[in-house]
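First, the structure itself, so that you have it in front of you.
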Amino acid sequence: MTDRYDATDATERGSDEGTAREDAMAGAIGAGSPEDVGQNTFAATTESLQHTMGKDRPESGSYAFPAFDDHHPPDKGLIDDCVHCGFCLPTCPTYVLFGEEMDSPRGRIYLMNKGLDEEPMNDEMVRHWDLCLGCMACVTSCPSGVQYDKLIEATRGQIERRYERRADDKAFREMIFKFFPYPNRLRAIAAPMRLYQRFGIGDRLRKAGIMDRLPARMRAMEALLPDLPKEEKILELTEPVGEKRRRVGILTGCVQRVFFSHVNAATVRVLAAEGCEIVAPKQGCCGALSTHAGREEESLDFARKTIDTFEGENLDNVIVNAAGCGSTMKEYGHLLRDDPEYAERAKEFSSKVRDVTEFLHDIGPVAERHPLPVEIAYHDACHLGHAQGIRKQPRHVLKQIPGLGIKEIRESEVCCGSAGIYNMVEPEPAAELGERKAKNVLATGAQIIVTSNPGCTLQLRASMKKMGREMPAAHPMEVLDASIRGEPVEKLFQ
Amino acid sequence: MERSRLITAMEGILGTEGVIHEHEQLRTYECDGLMNYRVIPDLVVLPETGEHVQRIVKLCYDEGIPFVARGSGTGLSGGALPVKSGVLIVLTRMRKILEVDIPNQRIVVEPGVINIWVSQEVADEGYYYAPDPASQIVSSIGGNLAENSGGVHCLKYGFTTNHVMGAEVVLPDGSVTHIGGGLAPDAPGYDLLGAFVGSEGTLGIATKITLRLVRVPESVQTLLAAFEDPEGAGGVVSGIIGEGIIPAAIEMMDRLTIEAVEAAVHPGLPDAGAVLVIELDGPEAEVEEQFGRVLEICEENEATEIRVAEDDAERALFWKARKAAFGAMGRISNDYYVQDGVIPRTELPAVLKRISELSEDYGLRVANVFHAGDGNLHPLVLYNNSTEGEAEKAEKLAGDIVFTCLEHGGSLTGEHGIGEDKKKYMPKMFTDDDMNVMQLLRCAFDPHQLANPGKIFPTPRLCGERPGPFHMHPLQKAGIVEQF
Amino acid sequence: MQTERGITGDLRQIVGSDNIREATTEDAIEGVQPALVVEPGSVEEISGVMKLAAREGLAVSPRGGGTKTHLGDAPRQLDLIVSTTRMNEIMEHTPGDQIFRAEAGVRLEDLQERISESDQMLALDPPESGATLGGIIAANSSGPRRYKYGTVRDLIIGITVVLHDGTVAKAGSKVVKNVAGYDLSKLFTGSLGTLGIIATANFRLHPLPKASRTVAVEVESPQQAQEATQSIVHSQVEATAIELHYAEDEKLLTVLLESIPGGMDAKVETASFLLKQFGEVRTLSEEEEDHLGPLTPPAVADEIVLKLGAPPAELGSVLESVLGAAERRGLAHPRITGHAGTGVTFIGFSGEDEDAAVGFVGEMREIQTRKSGNVTLQRAPLTLKQRVSTWDNGGDYLGLVRRVKEKFDPRGGMNPGRYLGGL
């Protein structure tokens, strides 16, 4: 993992809130300012509070003792790094919502510790691990350097193997993983979805009250459905504009490729303008969703295939424009550590992976930026800010655009609730977090929300729509692309 | 009362979402910030209003069930350690800021409000809440109240007890009372609030707390100075006090701490035997001149390097280095034991010497972080839990350090409290009579000994006759306790 | 008392025959004269005396300088006065630690003189001359400097007390930062001898300010007094005291500023700037400063003094209610002074018409308790005290006060009848 965000450079964030003392306190846990951690805006609803006590959850009664077996259990050494200080609590989204210990990193680590030899794998334990978003805000805030990300990944893997989910829960998750990592299948259901949207079927179902009768998870999925623009294809090889500075590969993603192809197109254009030769081979899923859900075999399979895809292309770097994907790809070395055939190759591969803003920040700009007089709110996707420690770079890159102002969002350390498939499997807390984030975004008064993760974009849009509000959203590459091409600001609002 | 009936009764008050009774869930509450002591509570309840708290406590009182209050669970003396067969009342969901009164420089908050939120709430008005324990980003006001928390700035500004003006308290018999006067000064009667603050949850539960706000000072100046050894740094502290300067804060860190902090937050600290962070605040002209004098004193004591913070960002960096110190220990050691002791400032050199002797004797490293201004030490005993016997050695060493503090005229604890951890040391500082008289206070508030029993005092003492049919207290049955 | 000579003999054994005498009318407290006055010279002697008192069922009243024995209702019973005049040793003064430990009978003036040799002071400035540490703690005495430094509770760090039955107990220590055990020092602050006898106390010290000046502004109305006070309170000037003198012929708000010589001018300038919008601002001469101290023993023999505690930001309405009530009761313009910055106001008025006085106090009590303030009879003739209690009713905490009293003094031998709720 790269260096933690240097929170003391207040000028970076343009924040003058809080005294130096408080900034120091916040800085001690990796936040930019005290305003970035959970504030007391509002408490969770009764329903979701009951949810975490077990009401209305698909619980199966499955039991295995002790909770963990010998195959990659959460590492005792890492668990012992936790000194129970509690500094992670104010940044944990579920603690901020529920206010109880089991739904905090400290509590979850404690359960992991007990699960090694004292407690079973049962509904109660799994419930609280399932409710963890995997946002890794706790990793950023932990003064003792506990690697919670490794712990929860190992735990999820164990859950997948040792916990028998209830039939409907299992079926739902299987369905998600039958579609989301396979762009062709996503595309196949895109057509009927287009019709669904064109004829406003969702709204009619809502008006008829039928929507309310569907299970919460189905409703959540339906609400997240994005608008579907026409697909923009990118070439397998794109030449640089002017002198060639780098040869890079680009991950086109799954949700990104199908629903946000224009972001990929913008990314390629920007890279080309900055002197890159871009290779976009035929490719599959990077395995991020599977990795974060603990589906071990599946995730390793995707990882190997991805490495195979890009390895032979003689690349300086592999560029990723989706935060979740980039964070997993940087982890391939760790994921494939047990595979003699791939271990070294994976390490080598991971060392080349870059988030696009990280990359552009490193190589420096050559293309001219035309003014874009617009106020944006920049949202740190968890897998970019917490998992990869990348916060300065996107801001720097965006600040290169003349006339562009960046507004900081309150409670920026707290996840928006998207968290991979979380907003589909845990719709209640996801909805509350989404609403919270949406309110904070709207409070900035910015004209457009800019973020690096398709999941976050979908979540924010859905949350605002539920509030009856709307705000244009864009990827940093779309903004940069508009600036390089000298396009008017209005283009971004479409 | 049978457990399932108790659960039903509590759910009747709080709804199912407010009662935790499943085994694994209860386990996450079995300790607070001090992991050495663990007790699984019978039940955990999460009230959301003062009325909830009152009804919960009344139920406990009627059924003779002991209870322990808990905030964010960051305490370092085991004050929120649950009591066996008791209820743990967690205040984290009572987190509203109720009233802001800038003209009277007061704010009223619920106990679950996080310390740092208070300052943030009034920052726009140019005010802040002065007590700043290192855990302020997560510790609650209720917890601060129970422990009378300090912080780096208490040399000039005082502790929690100097900033609490009033409280609504649920007494252990379930009745509600208002102590302290709140807005108006000098309310007649005993200073019950003064006795309540720092009573570690043994006298009742505060459900509304009136705090005093302090005006943000006109000017703040901070410096970081490095010295070859703690003697030089100690000389600076004496020099400053001798001049009649009261800095807002003087903090010292020794070599080992500097090493850990560098590894954790990379503030770019100099390589030194001791580092001082000194802050002055107040009216500009005053600060300007006094700061100049402080710089001179540092030089007079052979500071190897002096850095003056040029702006807020740099000031925050100096403080970040200090505030991250405990957590940073995890980078240079597997485990560590935080001790909290106080000595008169003039005894600092002698005590530091003694600590280093003890460290050598025991063969365990000790990192020192302390509030040099008021002699409050935090020696961090570093050890490895997996090495057999090392945990016990570490605890013993920590105990010896506390005895050293007492020998030099200090106290058992400066800010972390007695709780569970230090009650065995109480007889070293207080006689039986001293403790009996303190117990009188406890009996006035809590005759049935239901509020956080077993904390602070080493031997349980009962409070005399109980009205109604005679119930033998379980400890009495076991012959462990005397009638008092 | 039974076998009087027996008791006197026993007491003589404890404190020495020179240190016990029969009481005179001078020793009477609110018209009740005790039988004996003893002067123990050590904590052990105090303990011995109290053991005897408990055995014989004597009602005891501790006394230091006797400057505030009038504070409180008349005692229900009074047999013995325990005087701390011989407990006058300063046990320890460590300038480097900024603390001292002293016996309760040490006079504040003597202490300050001794401490000032190290350029330090105890930041308490009650007006009564001759007050002792024990009495100051027991009565929670304070003066103008409370605005900056707080009151006794913010300065006391340790205490040794002797209870009604001779039990000796200590709390706190000699370090400022200490949370071991309960804070009995605070419990005994303001307890007026009803919980036990304060034998020794430890305090924290502050450096003696090197320079000081008082800036004053003439105000014309209660509202102006409030606004002027608030302007200083909410500024960053860090004043030491803000005092109000509000009489018919003179209405003055004075601000005491203390600093190092290099910072003095800037402070005076800032304060003057803030105040000048309210009226004419001037710096007081040393003579004027002395004259404008807080309300000292009444100028007129039968002047009644009330002490009012109210939220500081309501100074204006407090003054208006005082003036209004006075007028309604046909009283002349009261002589009002106060620690304006902290909400403490003293009202001095003529006691000639006792009925009017009773009505006035009643009205003030009603107004103030509605706003969560308090009214105490600071100084009043016995006849008035028989009609009006020194103390308000006390809020809902009276029950707790009673329970604490019952625990510490179950037989009711410590200053019975003088305190809140008739305790």
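A, B and C label the chains in the order they appear, each numbered from 1.
In this section, contacts are C-beta pairs under 8 Å (C-beta built on N, C-alpha and C of every residue); 3 or more make two chains touch, one makes a residue touch a chain.
Since the structure is predicted, the reported quantities are computational estimates derived from the model, not experimental observations.
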item: Each chain counted as touching subunit B and subunit C at once; value: none
item: Chain centroid nearest the full-protein CA centroid; value: B
item: Intercentroid distance (Cα basis), subunit C paired with subunit B, Å; value: 31
item: Length of the line joining the C-alpha centres of subunit A and subunit C, rounded to whole Å; value: 63
item: Whole-Å gap between the CA centroids of subunit A and subunit B; value: 37
item: Junction residues of subunit B, two or more chains touched; value: 216
item: For the subunit C and subunit B complex, residues of the former touching the latter; value: 94-99, 119-120, 140, 150-151, 153-154, 161, 163, 167-171, 173-184, 186-187, 189-191, 195, 206-208, 210, 230, 233-238, 259-260, 262-263, 265-267, 270, 307, 309-313, 342-344, 368, 371-374, 376, 391-392, 394-401, 403-404, 406-408, 419-420
item: Complex contacts: residues of subunit A adjacent to subunit B; value: 3, 7-11, 16-29, 34-35, 37, 39-40, 43, 46, 49-50, 52-55, 80-81, 83-87, 89-90, 99-102, 106-107, 110-111, 114, 119, 122, 124-125, 128, 142-146
item: Residues of subunit B touching subunit C in the complex; value: 101-105, 126, 147-148, 150, 154, 158-159, 161-162, 171, 175-179, 181-192, 194-195, 197-199, 215-218, 238, 241-242, 244-246, 282-290, 342-346, 371, 374-376, 409-418, 422, 426, 429-431, 433-438, 440-445, 456
item: Residues on subunit B engaged by subunit A in the complex (per definition of touch); value: 15-20, 22-25, 27-29, 31-35, 44, 46, 48, 72-74, 90, 92-93, 95-97, 112-114, 116-117, 119-120, 123, 128, 132, 134-139, 153, 216, 220, 222, 264-267, 309, 312-320, 322-324, 326-331, 334-336, 385
